[in-house]
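Next come the structures, one after another.
Paired with chain B in one complex and with chain C in the other, chain A is shared by the two complexes that follow.
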Partner chain A sequence: MRPELELRNLVRRYGDETVVDGVDLTVGKGELVSLLGPSGCGKTTTLRMIAGFAKPSGGQIVVRGEDVSALPVHRRGVGLVFQSYALFPHLSAAGNVAFGLKRRRTPRGEIAGRVREALAKVQMDGLGDRMPAQLSGGQQQRVALARVLVLEPSLILLDEPFSNLDALLRETMRSELRTIQQRLGFTALFVTHDQEEAMALSDRVAVMERGRLVQVDRPEVVYHRPATRFVAEFIGRANLFAGTVEAAAGGELAVRAAALRWQAAGTAARGAAVDVMVRPDCVALAPVAAGEEGGDPGPNAARGEIVQTEYLGSGCLVTLRTDGGERLLAEIRTAADGAAELVPGRRVLARWAARDVRVLDAGRAGAEGGAEAGAAAAAALPGAS
Partner chain B sequence: MAAADVIVIGGGIGGCALAYHLCGRGRSAIVLERRGVGDAGSGRNAGGVRQQARHPAELPLAMAAIERWPGLERELGAPTEYVQRGNLVLAQSEASVRRLEQRLAWQAPFDLDSELIDGAQLRRLLPFAGPRARAALHCASDGHANPLLTTAAFAAAARRRGARIETGAEVRALEQTAAGWRAVTDRGRYDGEVVVNVAGAGAAALGALVDRSLPIVGARTQTLVTERAAPLFDQFVQDWDAKLFARQTVSGNVIFGDLTEDYLLAGRQVRPADAVRAARAALDALPALAELQVIRAWGGTLDVSLDRMPLIGPLDGLPGHFVSAGSSGHGFALAPVVGELLADWIVAGRRSPLLAPFDPARFSSTGTVDNNAEQAA
Partner chain C sequence: MSRRRDWPLYVVMAAAILFMLAPLIVVVGASVTTSSFLEFPPRGFSLQWFQAVLEQDVWTTTLVASLELAAVSMAISALVGIPCSVALARGSFRGRAAITAFVLSPLMVPSIVLAISLLVIYSRTGVGLPFWRLALAHGVLTAPYLIRTLTAALEQVDPALEEAARNLGASPAGAWLRVVLPTVRPALIAALFFAFIMSFDELVVALFLSGPRLTTLPMQIYGDVQYNLSPAIAAVSTLLIVLTVAGVLLIERVLGVRRLIR
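== the complex of A and B ==
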């Protein structure tokens, strides 16, 4: 199937500064892909080039098989939703939705019906007569979305559309957007710096760092199998340690990182410098009674003392100082058995499974190959392509 | 002593348009102008009638203004020399290209027919452009007009509807009366229920008469006019790096000037240093202008506000006292719609949402909009 959007080696330079540095990305029809990265990583410039607000210095933007790089904004057939919902203040909600239809000389008889339909799609039925000043921020953002939907674009670009809304509304709006997007089947590229939003909303997340895409994959893969140290640290919380490969055989690695011993799947040469990572929610804790200390806890385990606990609601983030002096995070379910015993000062045994350990090419001298890092970064269509 | 429902202070395009619309709504109006109609900014500005590259808070108002411009000449029964052949904002530097991209992103929600074009596309639209421009913002529904003729057209139309326009009447004092306001001039006293300060660069001095500090200063601009030439270009042209504006009038003269604002000097004099700077700006952006003789020059004064956005609305604690000033060099195009909406506000007591961003109270509280925002960022 022909992809909806293809970016081919897209580059944008401003003078000597390269803001977007060879981005390749393919977005399939009906897919929602997030472009995620810290501010200044080039994600907004990438979106602006797709929208036609900025000219690429190199590369191609292909929409439904057609190179649109030279086309002006209004000829690209791309819908845009922004952070600032910027409605016409003197037009009603319906007037705002109708504006684009009138500009495009849609037959008069068609307009009212299409506007009603578009408002219904965003749960704004019956509010068409309201002026923007009479609408809440969330309602205004719904009108802004209806204004785009009414034109029936097959590709919609969203630039941090919910960042002006409060936290609760942001969550509601993103789940509504996801529902609408799946029901109507349009393709969407969603720019955000909020990793939680990207994870919650997307079919795939494209993580961007200093102008390049470093990983494009399903949210759970980006989370559990980050391609680089940057991705590991930018997405969620990570226990990340620099280490050295002590043994490698049959796709298994033994790694020593500081005072901890690790076992994990991976391929790397003996002596290679690697980073090892395990997510806090993959670390299990068990209280250690006095006299049960014993000897070496073995690989993928550490004894230590709880120094801090932080309630996150359903979970609790526990900070340990291991006996080797490492700082280790564990996220446990508040409702789990024994959770109440996990208080600061308590000694615990932390354990994690080899399958949850991610070994990353540290990019230091001596490192040999990235333990599957390269493969995961490939910007391919998911599954079916 | 004379009396009217509304005393309008300032005989520029803002004051004349306001008087015209007030009289069209059954109110009487007297316009007090210290020199002559259109003598300050209104008669001496660049004449751009532009929507694109504005702050998003001002864009809906500008789009509403452009709906009115094509019919204005017929409505007023006098020429405006309005030409709707596009606006081009040229950029020579990467920094300016970036600012153009930013403006394009700002205005995108409003579905304006504005686009970013590269140097080759620009030269197809404007073969007259010099070699340094590398990109431009183009909006086909923008254009330009003759500001002095348009101001005169509003003044004449206002008079026909019964407005009195008193020239040579400088306001020395503003007094609150039982019925409203009294303006005291050398030529007499004028009473009204409502007074509107549309005095452009003089607005701050008028504010001081009622103990209000309006953050508006005058800034001098320099304009040159060439001999008549064959048609060279029909767009309103600006260059953000050369700091130039230029348009060719219907009679063939090219009017151009320097967008650098001089806050230290006001007045209408021509200073050789400014004229040279304007000429250099022109040769930088449109080198072919070197072939034309300059036949005339003038200085003008813009009313620039602290955030470079107009102040439109009543002043706190002064019932019946409105201000409409500080348009910061982008008010000419807006004047027809601002005059109409302000007249509605005064007569019907309802503010159009289009004017909401320009509440003068923004300077006495928080929540300013800033037309310079992306320069600071």
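== the complex of A and C ==
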């Protein structure tokens, strides 16, 4: 099937600065893809190029097989929901929704019905007469969506649409958006800097760093098998350590990172500098009994003392100081057996499975490894000082 | 804050209001006097001077002339000022700062200087029609006010509004006409109103450029003050105050301008 949107080697430069640097992305029909990255990574510029507000310096934007790069904004037929909603303050909610229909010379008799229908889709029935200033943030958001939906575009772009809402409303709105998107079957490209939002909402997440896409995959793959150190750190919490490959055989690696020994699947040359990563929710904790102290805990394990616990609701984030001096994060379920015993000062044994370890090419020369390893380990753990 | 400790504020506010209203009180007071000199406080109470004003053709003729002049110069001001404001607010082109300074320069030039230079220009080029000479001059004089007010308002408009309009299918011009300009409607109306009033009570340039065939209301008042000093002038001024207040109320009601002055 023909993809809804294809970006081919898309480039945007401002003077000497390359903001978008060769982005290739294919979005299938009915798919919701998030463009995720820190501010200044070029995600909004990419979106603006697709909408037609910025001219690409190179590459192609193909919508349903047609190169639209040269088309003016109002001929692109791509819906855009703005971060600021951009509702027209002098028009009522219904007037805002009708705006696009009028520009398309929709017959007068048809407009009222379609406006009502669009407002109903976003649960704004009966509020069409309100002016934007009389609507709450969530309601304005709904009108902004209805204003785009009424034109029935097959591709809708959303630029951080929930960033101006409070936390609770944001979650409601994002699940509502997902429901509407799946029911109506439009394709959506969603720009956000909020990794949680991207993971919760998307079929696929496209992670962007300094103008380039570094990984495009399903949320769980991006989370558990990040392609680069940047992705590992940007998406969720990570225990990330710089290390050296000590042995490699049959797709298995043994890595030493600081005072910890790691085993994981992967291929790398012996002596190569790598980063190893395990997510806090893959680390299990068990209290250490008095007789179990001393001796080597084995690979993918460490003994240590609990420094801090942060209650997150369903889970609890535990910070350990291992006997080797590293900081290690573990996220445990609050309801799990023995969770109540995990209090600061308690000695515990942390364990994780080899399949949960991700080995990343550190992309640095072996000689520099020592100096950078310490800095990298410190940077990987929030709260390390 | 307690009300008790606010009293110095109220005193200052009352003084300020009194200071601003004082000229109006004096003028209205002087207009109802029974004597034949312009004086305050008035002696007795009568409407004889209002009657005198309404019976003299010269006041209605000059009033109509001034209203026409104000309307035409406001139109000229709008014709020049609106596109200029749009360009200054949204355009990013070379020399934008210089052009801004240039179009706003009549604000800084004393009107007497402007009057003299226009007189020289007109006598060289031979523009003979006094009404149009003056209307053009007033257009030059009032356009900067309109441009400044409107540019400030346009700069406040979220650029996303224009983009949203474009995204929904409006052409570049359509986005401006249907979204951006309506958004600044209160400021636009206020700016036009100021342009109108400025032209309406402008005296210096009018004295220099009008010639014998055209007399505006401020010129008539000025002349009368010089030779007569009769309370009729106070009566005319009172009528103008009433007209102005009525105009503001009308705009407020009909066009719904709640923030006429921002």
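Things to note:
Here is the rule we use: the second predicted complex is superposed on the first by the 364 of 385 C-alpha atoms of A that agree within 3 Å, B and C clash if a C-alpha of one lies under 4 Å from a C-alpha of the other, contacts with A are read in each partner's own complex, and residues count from 1 in each chain.
Assume a contact is a pair of C-beta atoms (placed from the backbone, for glycine too) under 8 Å apart; a residue touches a chain by one contact, two chains touch by 3 or more.
In this text the structure is predicted, and so the values were computed from the model without any measurement.
Overlaying the two complexes via chain A brings chain B and chain C into a clash.
In the superposed model, A:79 makes contact with chain C only, not with chain B. When the two complexes are overlaid on their common chain A, residue A:134 makes contact with neither chain B nor chain C.
In the superposition on chain A, contact of A:9 is made with neither chain B nor chain C.
Once chain A of one complex is fitted onto chain A of the other, the partner contacts of A:60 are absent, as it touches neither chain B nor chain C.
Looking at the shared chain after the overlay, A:123 reaches neither chain B nor chain C. With chain A as the common frame, the single stretch of chain C that clashes into chain B is 93-101; none of the other options in 3-11, 39-47 or 93-101 do.
Contacts of chain A with chain B, set against its contacts with chain C after fitting on chain A, overlap at residues 51-53, 73-74, 80, 82, 84, 86-90, 99-100, 103, 147. Across the complex, chain A is touched by residues 56, 60, 64, 94-95, 97-98, 101, 104-105, 108-111, 113-118, 135, 352-354, 356 of chain B.
For chain A in complex with chain C, the residues that touch the partner chain are 51-53, 73-74, 76, 78-80, 82-84, 86-90, 99-100, 103-104, 147-148, 151. Across the interface of their complex, chain B is touched by residues 14-15, 48, 51-55, 72-74, 80, 82, 84-90, 99-100, 103, 131-133, 144, 147, 159 of chain A.
Every residue of chain C that touches chain A in the complex is listed here, in rising order: 158, 160-161, 163-171, 174, 178-179, 182-183, 185.
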